[in-house]
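Given below, in the form of structure tokens, are the structures.
One chain, chain A, appears in both complexes that follow, with chain B as partner in the first and chain C in the second.
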Partner chain A sequence: MMDKYQGEKKKREAPVAKVTIGFLQEGTDQESGQPKRRRAQATLSLLAESLDEFGVEIDRTLAKMEAPSLSYFRELIQKAKPQIKRRKAIETLSFLVMALSYLFLIGYSIDAGYLLPVVIFFSVAWMFLPIVLLFSGDFRKERGSEE
Partner chain B sequence: MKEANLIKRALAGEEEALAILLQDNYLMTLGYFTKVTQDPELAKDLTQETMVRAIKNLRRFRGDSKFSSWLISIGSNLYRDELRKRRSVENKEIFVSKSALGTDQMGTMKVDIKRALLRLSAEKRMTLALKHFYDYSYAEIAQILKIPIGTVRSRLHSAMSQLREELQESAYP
Partner chain C sequence: MKTMVWWWYIPLAILLLAQALWIFFDAEKRGENRWLWGLLGLLNVPSSLIVYLLVTRRKKW
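Coming up: the complex of A and B.
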């Protein structure tokens, strides 16, 4: 299990140094006479070391532990089943209610003589839908990961 | 058995496959929470609750990330909720006075790093743990924690800055 976990760790390329590079661009500490840059570097490597040690310590503790048996997880699944069914039923019902309400509203509006506003509404939606999709969360996420 | 195959089977409703997936990722999730909370009992509770939430929300797993990343994402949300609930207790435990930190030798660094980590906000701790211990990319962390990439960068920078300051104080009093 720990091997799997270790394997999940991609190549380590001193992330600490990457994110803290700005700290190294400092001047000289007049009081102590010791260059701040050297102090910052020393602290940085100590910080990376300490974090690594802390991580290794926890991993070592975890290596001694075992994941619960499959029956434990089966039991969790069985316990969660009724809730999943209930949630599914509520979701399906909500969807049906929403869909029917929407259709009823459109039908009622047309019946009441609001054909033109309904047509305008759908035309606007038809025109702007591509733009909405273009700036949807997924699209922004993709763009973000490309940066 | 390959994870992709297990996920496919679990999504198709096969309970055995889901149980295996959860078991395979249990220790990794527990490790993440232990690193973030430094409280083994809380970590165990959060891991179990994460597993339950994963079972309930399996239909929402789109398979565009690793199962472990998805679990961590669920767990991180859960931890945020948990912190909101126990904010008052958390305040007492985490925001220890600065003088409580070790102030001299490098030997105390290990204890100091634990305390310094606990002084960070939960959001910064989670970001730092994902980057440092699991080496996720900024984009992956952003996806897991559901925050913009810029926020990941700033949180990471801020966390490192805070840690560096505290440890520098300890090492060079």
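Coming up: the complex of A and C.
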């Protein structure tokens, strides 16, 4: 059992030694005169030992814990299903209400003689909404892949 | 002139609403931002739908 942990410890140590931190890569430290990169690596290797110990502790604790049965997870999903359905229905209804009020407001504004503000609003929205949509999607995907 | 505008507005509003709702549901299925896409679908017809289809289906091409 201990050999397994030793092996895992060695596996973890290897990537830590290769860690480079962008802002510490170049230049020397003014206080000690050592290259910043070397100093950062020394600090990280010190941290690595305690982190490994912590990791082993977590592994041991997790090994002792019993995983809940499949029926438990099934029950959880069954319980969550009606809530999800209700939330979706509320969301759809609120979108419908919002869309109807928006269309009514646009129609009413045109009828009341506010054609120019409506045109300006449409131009601004048509220009910026696709940009917001495209960038928000990419940003979310980038964050997701980083995490 | 006023009545003519209103007559034109009703089918246009129905079309916009149908388009926005379809985009809203489809974006939900695809895991996209459904509220923003739905709002885009309310702006005009059919360029919003074309933009939506181009953006969401481009991975398959």
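Quick note on the criterion: the second predicted complex is superposed on the first by the 76 of 147 C-alpha atoms of A that agree within 3 Å, B and C clash if a C-alpha of one lies under 4 Å from a C-alpha of the other, contacts with A are read in each partner's own complex, and residues count from 1 in each chain.
The rule is short, and it goes like this: a residue touches a chain if its C-beta (ideal position, glycine included) is under 8 Å from a C-beta of that chain, and two chains touch if they have at least 3 such contacts.
From a predicted model like this one, the values you see are computed outputs, not experimental measurements.
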| item | value |
| --- | --- |
| First, second, both or neither for A:T92, with chain B first and chain C second | second |
| Chain A residues touched by each partner, larger count belonging to chain B or chain C | B |
| Chain B versus chain C as contact partner of A:F128, first or second or both or neither | neither |
| Partner chain(s) touched by A:D111 [first = chain B, second = chain C, both, neither] | second |
| Footprint overlap on chain A, where chain B in one structure and chain C in the other make contact | none |
| Chain C - residues contacting chain A, complex | 2, 5-6, 9, 13, 16-17, 20-21, 24-25, 28, 32-40, 42-44, 51, 55 |
| Residue ranges of chain B in contact with chain A within the complex | 15-16, 18-20, 22-24, 26-28, 30-31, 34-35, 48, 51-52, 55-56, 66, 68, 106, 109-110, 112-114, 117, 131-135, 139, 142-143, 148-149, 153, 156-157, 160-161, 163-164, 167-168, 171-172 |
| Chain A - residues contacting chain B, complex | 1-2, 4-5, 8-12, 15-16, 19-20, 22-23, 32, 39-40, 42-44, 46-47, 49-51, 53-55, 58-59, 61-62, 65, 67-70, 73-74, 76-77, 79-80, 83-84, 87, 141, 144-145, 147 |
| Complex interface listing, chain A residues touching chain C | 88, 92, 95-96, 99-100, 102-103, 107, 110-111, 122, 125-126, 129-130, 132-134, 136-137 |
